[in-house]
Amino acid sequence: MLDKNGIARRIAREVKDGYYVNLGIGIPTLVANFVRDDIEVEFQSENGVLGMGPFPWEGEEDPDIINAGKQTITTLPGASFFDSSMSFAMIRGQHVDLTILGAMEVAENGDIANWKIPGKMVKGMGGAMDLVASAENIIVAMMHTNKAGASKLLERCTLPLTGVGCVKKIVTNLAVLEVGPEGFILLERAPGVSVAEIKAATAGRLHIPDEVPEMDL
Amino acid sequence: MIVKTVANAREALKGVSDSMTFMFGGFGLSGIPENAIAELVRLGVKDLTCISNNAGVDDFGLGLLLQQRQIRKMISSYVGENDEFERQMLSGELEVELTPQGTLAEKCRAAQAGIPAFYTPAGYGTEVAAGKETREYNGKMYVLEPAYEADFAFVKAWKGDEAGNLIFKGSARNFNPVMAGAAKVTVAEVEELLPAGALDPNQIHIPGIFVKRIFQGELYEKRIEQRTVRTRS
Amino acid sequence: MLDKNGIARRIAREVKDGYYVNLGIGIPTLVANFVRDDIEVEFQSENGVLGMGPFPWEGEEDPDIINAGKQTITTLPGASFFDSSMSFAMIRGQHVDLTILGAMEVAENGDIANWKIPGKMVKGMGGAMDLVASAENIIVAMMHTNKAGASKLLERCTLPLTGVGCVKKIVTNLAVLEVGPEGFILLERAPGVSVAEIKAATAGRLHIPDEVPEMDL
Amino acid sequence: MIVKTVANAREALKGVSDSMTFMFGGFGLSGIPENAIAELVRLGVKDLTCISNNAGVDDFGLGLLLQQRQIRKMISSYVGENDEFERQMLSGELEVELTPQGTLAEKCRAAQAGIPAFYTPAGYGTEVAAGKETREYNGKMYVLEPAYEADFAFVKAWKGDEAGNLIFKGSARNFNPVMAGAAKVTVAEVEELLPAGALDPNQIHIPGIFVKRIFQGELYEKRIEQRTVRTRS
């Protein structure tokens, strides 16, 4: 079974040379730490930054240079700043190659819910609805089950949707799955996790191929 | 050259009144029009509709207007980090319209550009699209979104000149350029106000035609919301 | 009767302090020469210039700094350059206060035709359709009649339209006219021109007030 | 940093073929991609649909492609100043679609921004709106216009860097920024190609994400169409 860093490490392998990538908050942010050194990737932040670098050295924080999580950041050579409409032109216009974000629920038809729990304080969708509706290539990073132990991979989402039929791949603490025409397809098992455990933790339809290799991290 | 300079925030905000709709630039606390917000607190105008990506924190940004109960409705994409906001929202004092961030930006830009409506994929199939027209283009579904209408837009730039030309800095640019000219009156406050001719015409982010009044802001706090750093070993 | 410079001189009096103005080619271009020195006006060119100045000194022409007529120009302090979508954001978004352009025909309902003569080579509408459909304040500068002596102020346009119901004011070699709810309204006569001459040269409905002053140039 | 540099026009244009749709930046002869045009002439690809505000003059700009009869259809707002163009158009060899200039710019920008369609007032009630959907907003009529679709966009900038970032000069900016990223492949040629980090990230007009290939152009003629000057007395 993977921890959050393990999920991030596995997702980092999906990041290809030459990709522009948008990372959501939470586990997705960790992905940047595990991207191979020998490939070139640029991180886009929807508040108007392309080419994000690491956090600034102490004392060098600039209130005018932050990421979408409102954290102080730096930029790398080749970076650029732009306004919000151009930022979402990049996202909506499918210039960003890969979006990695968290979710509360994913359905076997690719629907995703990650912004609202009825009855609880709703903070808003931020850029998530634009990202999921636009990106060709969306990977969800999340735990396979919620804190109560219930599956987050469902037949249909029960929470208000963020987007419909948009998720292509899911990496959880237990498995890597693809969204196929007839439900989830189990691609890989986390180290030490059995197919039976994954099956038990998945509420939606799950297609299990004859061979389900363990993740190569 | 048409001069847009006014003496201060008080002069720049002439004409604001109760029940108006305002746009505020900024993302989180970065690039927010601090002087305009302070003046609105001083003026005490109320029943406001505010279009702003975020709603500030309890004691800064639009949180200052929330404290004074001056806002009736917020149109935002993300409103976390604000307890007073949550209290007013749950008690029903405050109406909240949540809009996807890219749609919010484009609805401002549409207002600026005289485009009454456009199609976007964001929110299709979700409650955001409820009651809205949808249409298929190339096998994908889109939602029709109208431009915003607002009385004043308050934007904050790094440098500006007497002609109203604006240059922003870093990611403090964010929503400011798309709101300039998107309301009936656009008020720009700047950290440094320069004479016309001091800025390279090739490097202006927002031409003065989109700005009605410009003033030299003062006492910028520029608070950092999430101070993240690397520590030297 | 006015010559082209006279028409431009009269239109210049419609240009108010603080106006952003877009000038079409032909007579409108001449208007810039007659704007009062004691008011501040900025000229917008739809290819992406605000704050146009005079032509450059000989030897200082820059192929990268031209106006919409493709002429080499200069800029004044406070000028800015921008792309074509932002230029038409200024126009479509009604940030430009006044548009002055030529016409082949104007109708009593404010329709304008100025881009196409069927059977002749059509060069295109350029920015004219955007300008007339967007501007709140459009002044047409033209001769009252065409080369064959036929009126250009008609009941209905006969040529393909550039825009509908958009012209507010017309300044010709004979008169200043407004487009009212029931046709043209004669506001001023050119020096030495009689109301009868104007009436004879106007094919559309013409409302003639009791007093029609001579232009004050 | 993702490197977009290619050696020359030949490499930059890999993949172009007959019957494709291309976008060309430039207004008149100002800011046109001279190197890309020259390479298209050399390649001899034909039956092209070209989206460009203008069509060049007889012996320069897109006029060079017209001379070789490589263009089947032009989508432009203004096509004067070109006798060969007129001959081909009147003889029916060349199809011409005339579009209002602001609509042309916005249809490019819509393609860049993933907006499939938008409403504009331009052309309402004229033959440009024939067969198109129209709608009233606030008492004014608008026409629904779809985004363009193109295979390649050829843009020309003043300075660029290895990451594909672009800075334009003066009014040579025009349609270049709105076409960058509006086609499947965007090729940028620049007068000066610099290493990444040489350009101020705050002053970049078009971020490299919109550019697929960038190369150092050569032998720019930058012809002036209307040389207007003041003479010193």
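In order of appearance the chains are A, B, C and D, and numbering begins at 1 in each one.
Note that in this section a contact is a pair of C-beta atoms (placed from the backbone, for glycine too) under 8 Å apart; a residue touches a chain by one contact, two chains touch by 3 or more.
Since we're looking at a predicted model, the values are computed, not measured.
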Ordered by label, the neighbours common to chain A and chain D are B
Computed distance of Cα centres, chain B from chain A, in Å: 28
Chain A-chain C separation of Cα centroids, rounded to whole Å: 55
Rounded to the nearest Å, the gap between Cα centres of chain B and chain D is 32
Taking each residue of chain B in turn, which ones touch at least two of the other chains? 106, 109, 113-115, 120-121, 168-170, 201-202
Multi-partner residues of chain A (at least 2 other chains): 81-82, 85, 88, 91-92, 134
By the touch definition up top, name every chain pair that qualifies. A-B, A-D, B-C, B-D, C-D
Chain C-facing residues of chain D, complex: 27-31, 53, 76-80, 86, 89-90, 96, 98, 100-106, 108-109, 120-128, 158, 168-178, 205, 222-232
Per the touch rule above, chain A residues touching chain D in the complex are 18-20, 40-42, 44, 50-51, 75-82, 85-86, 88-96, 134
Show me the residue ranges of chain D that touch chain A in the complex, using the header's touch definition. 1-3, 109, 111-115, 161-163, 165, 181, 195-197, 201-202, 204, 207-210
Residues on chain B engaged by chain D in the complex (per definition of touch): 106, 110, 113-121, 135, 137-138, 140, 142, 146, 167-170, 201-203
How about chain A: which of its residues touch chain B in the complex? 45-49, 54-73, 81-85, 87-88, 91-92, 111, 121-130, 133-134, 160-165
